[in-house]
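Paired with chain B in one complex and with chain C in the other, chain A is shared by the two complexes that follow.
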Partner chain A sequence: MSRWLAASSGILIAVGAISAVILVVLIGLALLGHAPTTVLTTWFHGAAGSWTRLALSVQEAGPLLLTGLAAAVAFRCGVWNIGAEGQFLIGAVTMVAFGTVLLIPGPGWLILSIVLILSAFSGAAWALLATGLERWRGVPVVLSTILLNFIAVAVVGMLVQGPLHDPTTTAPQTALMAEQMRLPVLVEGTRLHLGVLLAAIIAVALWLVLKRTTIGFEVQVVGLNPDAARLMGMPVGARQVLVMAVSGGLAGFAGAAHVAGVTGMLSGSPVSYGYAGIAVAMLGRLHPLGILVAALFLGMLSTGASGLERRLGIPHDLGDVVQGLLVLAVLVGGGITARRALRPQAEST
Partner chain B sequence: MLRTFLLLTLFCCAYTAEPLKIGLICSGSVTDGGWNQLAKEAIEQVKKELKAEVSILQKVTQDKAGDELRAYAADGYDLVIAHGYEFLTPAAEVAAGTTMKIAVSGADVARPGIVTLDFDVSQASYQLGVIAGTLTKSGKLGFVGGAPIPSVKACYRGFLAGARAVRPDVSVAEAYTSWDEPVKSKQQTEAFFAQGIDLVYHDVDAASRGVFEAVKERNARNPAKPVYVFGCVADQNANPICPDHILASAVIRLDATFRAVAESVVAKTFAAGVVRENLQRGTCVAVLNPRLIGTILTPEILAGVERAGKQLVAGSLIIPGE
Partner chain C sequence: MFSLSGISKRFGAVTALAEVSLTITTGRVHGLLGENGAGKSTLMNILFGLLQPDAGSITSGGTALRLRSPAEALRHGLGMVHQHFALVPTLSVVDNVVLALQSSLGRVDRAAWSARLRQRADALRWDIDPAALVGSLATGQQQRVEILKALLAIDQAGSAQRTLILDEPTAVLTPPEVDELLPSVRALAADGVAVVYISHKLAEIARVCDEVSVLRRGRMVHHGPASETQERLAELMVGSPVSHPARPACPAPLTAAVRIAARDIAIRIDGRTVLQDVTLEVRAGEIVGIAGVEGNGQVPLVQALLGLLPPTSGTLTAPSPIAVIPDDRQREALVMPLSVAQNLALRRYRGSPFSHHGWLSPAAWSTHARALMSASDVRAPSPGAAMATLSGGNQQKAVVARELDGDPPVIIAVNPTRGLDVGAASAVLERLVAARDRGAAVLLIHSDLDELLAVSDRVLVLHRGSLADSGWPTCDRAAIGRLMLGGLPLGPRAADPPDVDGLQSPSIPGATS
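Right after this comes the complex of A and B.
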């Protein structure tokens, strides 16, 4: 009963936060002269007005889902990996390298699968640098992962303008990846690719692992109270390392799937979904299935926002504003319920 | 004859078919006072003249361009102009799978299915260089660009060649800062002035505000030794920050280019390839500041600019490549 209550209150907070933010934004836009009904219908048309548009939204949700899971998995274990941004880029650049200059001969699907796994490993390796720094030099992960993001951006920039640079252009960009290294597209007229489907499967798998397995249980106990976990004989350090590797691997896979599925190349200033993943994780209340819903919603928010700009001339930055407000609202909502939960205890003592 | 035919086609289309739907994808903000604002104004001109339906997307990154183009295709747009050379690769990929017409501006290479619009401002920059070479007291000029990309480097080369043509000992300091950070371009311009540079040419779009502010502040502090600046891409001669110290602007007549592309879509003559806009075609020209003509811009300078223009158009004067 109490579990059910806790779960439903989480959903209530998310729904309440979303409604409040939408209301505030609609009022703001109304003051600027945009009728709320027009804004809502235009947004919806942009996000899901046709199968193609819905597919574009789902395509956009793919990387958000993976980086959201990457953040959530780490946060659930109390490992503050803020480095999905960098891990995403390292995974992406690994994929592009094997899709352009380091082409391996062989059956396409096999090589593609191997390179995808390799990219995930490269993202994991990048994340484990932070764990190493913490283990041997006492650098807090929350700091090192952020700083490694900047290094990753510089590394990618260097590779894109150096060994991976497209010789046919002077723009800072890589060449287009070879056709056999691109993920198959599921819906024509979009780039909704196989990787997004894999991401959804990973979300469900992760949920099952956290819920049903010993390792999943240990990860959560370590996150709630590492001292208690240690006293219970759980391998705290090993779980933290594992979680960091999985988190980095998910972000690396997100980057690889995004370039192999959508862009087919990397530019000098690549769009990354790393930081947005933290928002997705918060909005999904760190629950894999919640994150699945949150990623879909933010994907629709993003494509809908670009539809708003296309039709009404409202800058699509609005989407980012709404996303930021949503996370704030969810955190505030969560804070309020947490304080409510504590109050009776405080009075009884 | 062709013109009448074209007008007739347009006339028919205006009454029989649905309005032409044109999308414009900009890499930055359309209030940048340069490249993107120019595109917005040009597309609005086209909207008025062709009674087209127009939609603008701002601040689109290279990675997102493909998706935005696909969304426009899904919305049934006839033509999308992707305004930035970084959009060429994603545009070429989208063009392969749609009947929507795509033009990419700022690029100079052909891609299947794409019209690329190349703007060569180096000749107009040469004409500005002629003015700078004549007017500089210190013999030191400055050039600040948003990024060392080919189109910007071409402006620098033209400016340098023009200045050297009238005064061979002139030096041009070059620096590249940012497209949208006025603070950086302002600092750079101030540094130029501190080095004794008395004329600055820029190609930094939204960051041009910083350049103009540096000029304004410098002239307020030291009115005895005035410094001057040139505008780029858009006609910035009337810029309110320092309108009396902008000598001239190298201007792209984007509306003419955009109209031609839109008309080719209406007339069904849209054909992939590179459209080269330059001084010869009258689309990339130097525009002198009318307030300064007759005072600082003497008849001799005007004659020099015109002479250089004629030689550039005739091909007897060629700006050296990289």
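Right after this comes the complex of A and C.
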């Protein structure tokens, strides 16, 4: 009963936050002269008005889902990995390197699988740098992961303009990846690729692991009360390291799947899927299935926003504004319910 | 002159204060002595307007007062200096005073505040630089700033009468700083302040106080001059020896297996010695009690025994894992948002029937939880209810149920009855005795001396990181009280022959020295 209440209150917070933000944005746009009904229909048309548009929204949800899971799995264990952005980039650049200058001969699907895994590992290794700094030098993960994002941007920029640079252009970008290193497309005529399906499978698998295994239970206990976990003899440090590796691995895989599935190369322009992942995780209340829904929603928000720009001339940055507002609204909603839940307890002690 | 008479205060079923009377006189230092939980803070909170008494009256110079808030108490000249300072180290002395006392927005007149500060300090012959950064001052100096702040607050409230409550003022001071503080307290009294000096350090009370009151279990058991002997005060504080039946000597035969063995353990943290020369043995079938005022090394001792804090030197043999009932159940033993069933399985989730090859079997968790809940009388709506929804007593029963599940050979319990009502407390103690009776080695670290003596077979006393054998049950409790307070050292007991008369007429080791 109380479990059901807790779960439904989580959904209620998300739905309430979304409704509140949509209302605020619609009022704002109405003041600028855009009728709310037009905005909504245009947005929906852009996000899911045709199979192609819907496929685009789902494709956009793929990396958001993976970086959202990356953030959630770490946050649930009390490990504040804010570095999905950097881990995403490191995974992406690893993939591009093996897709352009470091081509390995052999059967395409096998090499592709190996390189995807390798890219995930590179993201994990980048994340574990932060864990190492915390273990040996006492640097808080929440700081080092943010700073490592900047370093990752610089490292990738250097590689893109250096060893991985496309010699046929002066633009800061890599060459296009070889065809056998690209992820297969699922729906003809779109760029909805296999990586998105893998992301959904990973979400369900992660949910099962967190809910149904001893390791998932340990992750939960370590996240909620590390002191008690230590006293109960749980491997607290090992779980924190594991969670950081999985988190970085998911972000690295997200980057690799994005370049191998959509762009086919890396350029100097920022992507920001890593930071958006934190928003997705919060909106999904750190629950893998909630994150699946949140990623789809934010994917539609993003493609719908570009529709608004094309048809109504509203800058597509609105999508980012809405995303930021959503996170704020969810945090405020969560804070309110947490205070309400604590109140009777504070009185009884 | 303040007078409290017949003050009573109950919290639910617990009587915190029963008909307590106290008179505080201008120009005198009044010591208030009592163990943890004796009711000192409740009494002071009533005097300070934070709590309302259920019965009794407070009068000042013959007129009855109703103190409903600290501000009201301040208007009657009552100020308090807490054990932990409320100072901002990065601000200057005068800025700290302004921060605390200037309530309205507007220009800060530092010169005026500095002058007032200097004037108060000069009256006490204290040398304080109002422009100095608080963080650069020694702890003793910071404490003076706190006292001056309290005095200026009283001045500001416009009271001619001044009463200052010092709550364990020496708890955070080094011995030389204590030597400096005590004359300062006398200076306060000479300046016309009525001082209430809360402490459980007998030597200080004797040095600084004019008179002393002793609180024990919510009752004022003694009023008198501070010249009372320290033995007598210790006895008054911890209770009379006749109220406890003599216990049988250690029931564990000396041949019983030693389950915990520590030899000459020392622990240093950041160059500070927190534990030294600790030698301890706990055998199967005995409860070894460790008495002591909190903060004398209990935390590092437990951490060392649990393997969380390796000793700097010495040898330690302890099994792993050890069943433990920690001091702070919500922080160390329970995961409040998780269900009762999940909390009860925290020790055993890794094996059958709770999980198989790493996959959980939730049905077994519920069955297990129901069994423990009914066996240990843990009252919860269902095994799926969040631990946070249970009362404190039921939470503690859940911890005890989990830790004693499966008959562990070694148990460590730290203040296991803290915050529990009488019924729940005795249920927890009975579980420990039952565990001892079936052969467990139990180490009980407890700040409630009555309960400790009621269940322990042997009692050691921890003071300033050192363990001393009290000789219990052949010594009397006043001796334990003195050891706890460090008021009087023990005589050289080791050379003494076994005291055959000990049971008939409890001797007080070292009392004649």
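Going forward, the second predicted complex is superposed on the first by the 345 of 349 C-alpha atoms of A that agree within 3 Å, B and C clash if a C-alpha of one lies under 4 Å from a C-alpha of the other, contacts with A are read in each partner's own complex, and residues count from 1 in each chain.
Criterion: a residue touches a chain if its C-beta (ideal position, glycine included) is under 8 Å from a C-beta of that chain, and two chains touch if they have at least 3 such contacts.
Keep in mind that this is a model prediction, so the values were computed, not measured.
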{"item": "Simultaneous placement of chain C and chain B on chain A, clash or fit", "value": "fit"}
{"item": "Chain A: partner with more touched residues, chain B or chain C", "value": "B"}
{"item": "First (chain B), second (chain C), both or neither touched by A:50", "value": "first"}
{"item": "Chain A as apex of chain B and chain C, Cα-centre angle in degrees (nearest 10)", "value": "130"}
{"item": "First, second, both or neither for A:213, with chain B first and chain C second", "value": "second"}
{"item": "First, second, both or neither for A:176, with chain B first and chain C second", "value": "first"}
{"item": "First, second, both or neither for A:313, with chain B first and chain C second", "value": "first"}
{"item": "Partner chain(s) touched by A:264 [first = chain B, second = chain C, both, neither]", "value": "first"}
{"item": "Partner chain(s) touched by A:228 [first = chain B, second = chain C, both, neither]", "value": "second"}
{"item": "Partner chain in contact with A:37 - chain B first, chain C second, else both or neither", "value": "neither"}
{"item": "Smallest separation in angstrom, by C-alpha atoms, between chain B and chain C in the superposition", "value": "36"}
{"item": "Intersection of the chain A residues that touch chain B with those that touch chain C", "value": "none"}
{"item": "In the complex with chain C, residue positions of chain A that touch it", "value": "1-3, 6, 212-215, 217, 220-221, 224-225, 227-228, 230-233, 341, 345, 348-349"}
{"item": "For the chain A and chain B complex, residues of the former touching the latter", "value": "46, 50, 52-53, 56, 59-60, 166, 168-171, 173, 176, 188-191, 262-265, 267, 269-271, 303, 306-307, 309-311, 313, 315-317"}
{"item": "Chain A contact footprint on chain C (complex, rising order)", "value": "306, 308, 320-321, 324, 326, 331-339, 342, 346-347, 349-350, 355, 358-360, 381-382, 384-386, 388-389, 391-392, 419"}
{"item": "Partner chain A, residues of chain B touching it in the complex", "value": "23, 55-59, 61-64, 66-68, 70-75, 85-86, 88-90, 93, 97-98, 109, 149-150"}
